[in-house]
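Two complexes come next, and they have one chain in common, chain A, joined by chain B in the first and chain C in the second.
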Partner chain A sequence: MDWTLILPETALLLLCVLLLCLMLIRKTPAAGVLSPLMGIATAGVGLAALWSFGFSGILFFSTYRVDLFSQCFKLLVWAAFFLTVFFSRSLHEIDDGRRLEYYFFLSAAALGMMMMASAVDLLTLYVSLELASYSLYLLSALKNRGRDAEAGVKYLFFGAAASGVFLWGASLLAGISGSTSLAGISENIHGLIASPASLVGMIFVCFSFLFKLSAFPLHFWAPDVYESAATPVVNFIATASKAAAVAVLARFLMFLPPSPEFVRALTAIAFASMTLGNCVALWQEDVKRLLAYSSVAQAGYILVGLLAAGGEGFSSAIFYTAAYVLMNAAAFFVVSRVALDSGHDNPRLSHFDGLAERSPFLALVLLISLLSLAGIPPLAGFTGKWILFSAAMDKGHWFLVLWAVLNSVVSLFYYLTLVKHAYLEKPKEGLPPMALPLAARTVGLALCLSIILLGIFPNALISLAQEAVLSGGLH
Partner chain B sequence: MALKFLWVIQLAPLAAFLGIQLLPAKLKKIAPGVAVPAALMAATAASWLFWSQIQTGGRDLPGEFSTPWLVWPGRALEVGFLMDRLNLLMIWLVTVISFFVQLFSVYYMDEDPSRARYFGFLSFFAFSMTGLVLSNNLLQTFIFWELVGLTSYLLIGFWIEKPSAATAARKAFVINRLGDLGFYLGVILLFLLFGTLNFRHLTTESLAQALPPRTLTMLGLLVFTGVMGKSAQFPFHNWLPDAMEGPTPVSALIHSATMVAAGVFLLARAFGLFGASAFTLSVILTVGFLTAFVGAALATIQFDIKKILAYSTISQLGLMVMAIGAGSSLAGMFHLSTHAFFKSLLFLTAGVFIHRTHTNDIDAIAEKGGRRDVLAVAMLVTGLASLCGLPPFAGFFSKDMVLETLKERSFLFYSGALFVSFLTVYYSCRLLFVVLFSEAGHPRPTTHDSRLLNFSRAVPLVSLGAISVVMGLLGSPLNAGLLEWLGGPAEVHFNASLFLVTLGLLAGGGGLAYFRFRNPAGALQAEKEGQGLLLTALRRKFFVDEAYDFLVKKVALAAGALFDAFDRKVINGWMVNGTSYNILKFGRLASKLQSGLLQDYLSLAFLAGIVIVFFVVL
Partner chain C sequence: MPFPVLSSILLSPVIGLILILLTPAKQENLVRAIALLSATVTVALSVYLCAIFNTADPAFQLVEHVEWVRSYGIHYSNAVDGLNLPMILLTSIVIFCGVLVSWTVTTRVKDFFANMLFLVSGVFGVFMTTNLFFFFLFYEIAVIPMYLLIVIWGSTNKQYAAMKLTLYLLLGSALMFAGFLYIYSLPGAQTFDLQTLKQNVSFSPEIQNILFLGLFLGFGVLAACFPFHVWSPDGHVAAPTAASMLHAGVLMKLGAYGILRVAIYLLPEGARHWAPVIAVLSLCNIVYGAMVATRQKDLKYIIGYSSVSHMGIVLLGISTLTPLGLNGAVFQMFSHGIMTALFFACVGFIYDGCHTRMLDELGGLSKQAPKISAFFIIAGLCGLGLPGMGGFVAELLVTLAAVSVYPWIGITSITALLITAYYVLTAVQKVFYGPLREKSAHLEDVGFLQFFPRAVLVGCLIYFGIFPQVFIQWISLSTKTLLGA
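Right after this comes the complex of A and B.
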């Protein structure tokens, strides 16, 4: 077996083991030591992911597939992981005594998500899904102050139900086709593709993926969890977890192309996700909750690309996911700085008042990330939406695209409300300018630049995504 | 090769504009040092090009550089240069006058603190005007047409601290918009119906083949409204006198020689479009006559030297438009060329008087010793002689050609034009006699006339004066080179009867003026206080401003109030706010789903799941 193929997973596993051993020593290192160490370790994982980029092969009795598709998503998950670790430097929501656990679960979740990108067997898929999910349940409950664990418990129950549904669907598919590998199922199911059992199986499996993507009607956990979990954790859920969900959903739909009725059902889900997410976001005062509903709407946009399927559809979904990770991370970057400054875990719209005067740089990062989320040219979000929608138009989903564009208009309202608070409102009396360490400045600048550059020069990434789709499919 | 020169001519002023904008605040005072050399470069390139093409008999003409801009299946919009005999003459005229005016501005704007802005705008004007002339299609012409309108607006209101300048700038801008609306509609319709806007394709024959006569008439009239706005044709003429609020060199360049003549140039350029309909031509002829008459009549009682020249410009533009309306774009363009030189000369002369005496009033100019400036008076005489059509000054030949054209077309318009010429002689002589015959004091000693400033004052005056004298000879019986260049006859016959008529007009107009203004002080007093019906009508400018006032305040505002109500109630209230209200209401409703209770979440999710399963499976 060639170890380079699973280098990033191995590196993450070693990191987890190391953290576990440190926990056994029962002496938590000071935050000032732990954060840089974690930063270095994460960078190491990144190097490993880069090292294995471009390799391909099939491992573990054909249950695990390393190809350009999976490696792209692994890099994406790593980027989100790295940013989360970086945001965790100033983590004040979680006790110092729990830092090791925090990092352990974070690494374990990242490991699970990377595995999701490579899993091509129902069982590997399940294991990696659960590894990622359980780590996230614990992470979101780790804050343990007052009712903060409540959201974690809801997340757990909702996730458990989703897992149950997944297993049900998986058993149906395996039962019909006599195989648990996606390739095997797609080979054996041909004659039975229209049978109720296989349809129900596919829908149920997809449901658990939609749960991870927080699409309607499986989005209910998102607002509560986003509201109560620590900000870096929310960032991780909103970026890495979404990327992994797109990976499995795309992989699943590549192997088992959905029937027209199923596509129509996905259309309805995308339609409802966008509408509900955007409309409810209009009413949110809590910025993290607002971003939760925005992520529900964004899940709808991504679904538009996925249900368009084909090379264009999947590659545009991959591109949009990459852009989404960047712009969401940039938004959470600002939210975490504002939360830190105001000493309030859940910054409200009013906490952003006068941000442009107190820290012009942060306000700029916020502006760029939100405009990109809303899809304003020439930012990455615009280019991403453009190719998503044109892919869907090519497949004849013009009504959905029209609706998505109208939804973008609605979304502009709440994104710009936040911008309005940052730029037009006066800061409260006596608030000093916000200081920003050099490292934070660098990361913010890098995020902004990548959003802008990706918007203007998207071709390299688009063609990479197209190659990834070619490599990730059945043939 | 020749086309490369066009790039120099086109881009040198733009480079000067950008350079001036980029100058740091401390170096702003050297702005003329950037603008004048650029203008000189453009003028030299244009002159060389013009000269070399004359030498070779127009070997490279017509030359076109064109590149597609927006492409649809079956049709395309293009951008490019088209160089032919007509616009080579025009581009030479524009760049040369622009150079002289910029040089003169060094003297005239010597004391102004915001010179950098002034020279920047002038350079930008030169760029836009060049673009307008060189363009190979109507849309590009329209774009630069708007840009010259913009610079005209900026320069009329150059002294932003003067409310009257701001008002005048706004008036010019708004009235031009009115005309340009028609122009733009015409361009769009022409493109939709005819498929191309390239001037080479806009020939009378191809248009008549492709489109029915009524459509052609409509298109021609629509485009002509743009011409009426830009070239100050009745009833859109009233912005031009107000535009005199700008600095005098601006009036010389933009509001007499080049920009306002752009309308006439367009008439000649797209003559195929106008000539395709006889009705359009007669409308053009009528409008031109009204303009020529109104301008000349109003010029007779003005006291402001620039206003006299402005109304005279209106009247002369009317004559050019008449000539083209009578079917001869040759005569129109010839008169345009000579007029550009002698009128800019007159304006610059007026600038010298104004700069010396700090007043625009002819009476006051005379009192403060305007006539003691020998160079200025000599140039005033040259310019006015040309304007009146005194042989052998340039105006004589071009005006005679216009009159001859009209005589062939219709006797009615011919006699109208003769009357206009008579008025022209009268008001020219009135201006001259007031300056010459008034009691003159001694001029204020000037403090800042350095050698450089004297140079920048004298060179443009003398050069323009010389051109005003010589240019006409190129269309005379001695040598019809200019007309031949424009595609006219190689020889012009001496028309003795017209010559006699012209002399008669000169004698009559001059004699009347002399009779009235032997003693200018009393005559001006009488004009200021007279109560006659004619005087009142003239003083109120034939009530055109009042008519506009009524239209705007009563009719337009009432319509505006109606639209405003519709916009508030229906568009904004019902459609916009209604939509957003309903979206918000839906959001409120949907947020109720998020009850915070796990059992609700799960039941909803399962319910939705079951619906989907049934939908897909059944």
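Right after this comes the complex of A and C.
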């Protein structure tokens, strides 16, 4: 077996083991030591992910597939992981005594998400899904306050229920086809694709993925968890977890082309996600809740690409996911700085007042990330939406596209409200300018530049995504 | 490879923008100088463009083509013909004067000029691209900075006006977006390139009718077509002077230009189907805009509604679908752009000096400040269609075409000119003549720096009023080609 194929996973696993051993000997290094060490370790994982980029092969009795598709998503998950570790430097919401646990669960979740990108068997899919999920449940409840535990428990219960439904659906699919590998199911299910049992099986399996994507009607955990978890954790859930969900959903739909009924169900879900997410976001005062509902709406846009299927649909969904990770990370970057500055874990709209005067740079990062989320050119979010909707329109989903476009206009209202607070309102009396360390400045600048450059020069990533889709399918 | 004039015009404000972003915010004069320099370069290049433009060639000229995203048929391609040549010239003149006029802006100078240059690069992009992807991209770039310009540097109910303007315009652009994607999905299309679409795709009559309606509504919002004009007076009033100049002078033309360049070019049958409806709507614009203007007390609202009325003349010209009418429409787009920029430049100056724009509180300015009064009166005379001004020729062409195609609408639109004369002359009389009011007593007349940009605008109005054939020569072949004649 060629170990280089799973180099990034191995690196993450070693990191987990190391952290676990440190936990066992109950020796927590000081925060000033741990953060840089984690940074170096994360960079090492990144190198591993880059090293194995472009490799392909099938491992573990055909349950695990390494190809361009999976490696793209692993890089994406790594990028989100790296940013989260970086944001965790200024983590004040979790006790110092729990730092090791925090990083352990973070690495374990990242490992699970990377495995999700490669899983091509219902069982590996389930194991990796659970590895990622349980780590996230614990992460989101690590903050030591009653109400936060409530959100964590809610997340856990609904997540566990979604897993149960997944198993039920998986048992139906395996029962019909006599196989647990996606390729085997796809081969044997041909005549039965329209049968109610396979339809129910597919919908139930997808339930779990949609839960992770926080699409309607499985979105209700998102606002509570976003509100109560520590900001870097929310960033991780909003970026890496979404990317992994898109990976499994795309892989699943590539192997088992959906029947018209299933497409109709996805259409309804996309429609409802966009509408509900955008409408409810209009009324939010808490910025993290606002971003949670915005992520529900964004899940709807991504579904538009996924249900269009085909090379263009999947590749545009991949492109948009990459853009989404960048712009969401940029938004949470600003939120975490504002939270740190105001000493308030849940910054409200009013905490952003006068940001442009107190830190023009942060205000610019916020402006770019929000406009990109709203789909304003020349940013990555715009180009992503353009190709997503082109692909869907090409498949004849004109009504859904029209609705999505109108939704983008609605979303602009609440994004602009936040911009207005940052640029228009006066800062409260006596607040000093916000200081920004050089490292944070660099990361912010890199995020902004990548959002702009990806928007203006999308060709390289679009081609890469198209190749990835070709490599990730059945043949 | 020949010198890429068009891309250079587009890149000049972009480079200016980047340089301004890199300049420290305290170096205000350096920021202004960079903005002025890049605006000057665009003017110089546009004049050069006019000089090398071949009036005998009806096809796209100076084509620049770079493949951008091959799989979606997205190309970076620019070209110039008779329709966009005057628009590029107009934009460069207005931004040049706009930068000079906003020399007096003192709050957040860096942000202000960065937004202005960003906006204007979007406008240039829309006017020169021949690819629907870039058309839409630049279109939105032209709209978004307006929000910040109004909300930060504006006046009078600015938050409301800015949000209203942005949401209206983006609702319009959402319709365009859906329309463009629908065109892309038609059999044989799979590209966003305008010329390829025109050659390869055969639009059935039903599709033409539906698509044209969608695109017209989308563009019509920006062109302030009745009943979607409601954002425009509020927006113009709330915006700072230079933003009003750009907005009324150039941005509203994007809508009309889009109707010509995309909707009529791709969907001639659809245009013929809906032309009578457009004619009726444009008549509403002309008459209703003028009538509302007569009842306004705020000088800027008067000009805001006069813009609605004058954009009606553009739409009326388009709705005739005759070469004469289209020539008139394009001419009106140009002369109204210059005229309304002059209007806003004058009102902005008066407001800065008197801190009021209310007709009742102003008076006797012609003695106090004869130069600015003369500028305003010249713009007013152009607005009411005095012979010898650009506006006269444009309105004459449109009216002639309209009377021959839609006799009743044409005749009614002529009577609306009387209303225009009424409100323009009333405003002139109240503001510039009569007794000197307290608030206007301290107004100092324009110095050279503020005199120059306004004089440039007056010069353009008079030049094209006296030599309209120069202008008609540029556009006539292209309008004929557009109509397939």
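Definition applied: the second predicted complex is superposed on the first by the 475 of 475 C-alpha atoms of A that agree within 3 Å, B and C clash if a C-alpha of one lies under 4 Å from a C-alpha of the other, contacts with A are read in each partner's own complex, and residues count from 1 in each chain.
Operating definition for what follows: contacts are C-beta pairs under 8 Å (C-beta built on N, C-alpha and C of every residue); 3 or more make two chains touch, one makes a residue touch a chain.
All figures in this text were calculated on a predicted structure; none of them were measured in a lab.
Once both complexes are superposed on chain A, the partners chain B and chain C clash.
With both structures placed on the common chain, the touch criterion links A:Trp386 to chain C but leaves chain B unconnected. By the touch criterion defined above, A:Val200 lies against chain B but remains apart from chain C after alignment on the C-alpha atoms of chain A. When both complexes are overlaid on chain A, the residue A:Ser259 reaches chain B alone and has no touch with chain C.
When the shared chain is aligned, chain C comes close enough to touch A:Ile376, but chain B does not. In the overlay built on the shared chain, the residue A:Leu276 is in contact with chain B alone; chain C does not reach it.
In the superposed model, A:Val405 lies in contact with chain C only, and not with chain B.
Of 40-48, 94-102, 220-228 or 508-516, the segment of chain B running into chain C after the two structures are fitted on chain A is 220-228. When the two complexes are superposed on chain A, the residues of chain A that touch both chain B and chain C are 413. Contact residues of chain B toward chain A in the complex are 580, 583-584, 586-588, 590-591, 593-594, 596, 598, 601-602, 604-605, 607-609, 612-613, 615-617. Against chain A, the residues of chain C that register as touching in their complex are 25, 68-72, 133, 136-138, 140-141, 144, 147-148, 151-152, 159, 163, 166-167, 170-171, 174, 177-178, 181-182, 184-185, 190. Partner chain C is touched in their complex by these residues of chain A: 312, 360, 371, 376-378, 382, 386-387, 389-390, 393-394, 396, 398, 401-402, 405-406, 408-409, 412-413, 416, 420, 423-424, 458-459, 462-463, 466. The touching residues of chain A, when paired with chain B in their complex, are 153-154, 157-158, 161, 165, 196, 199-200, 203, 207, 216-218, 220-221, 223-224, 259, 261-262, 264-265, 268-269, 275-276, 278-283, 410, 413.
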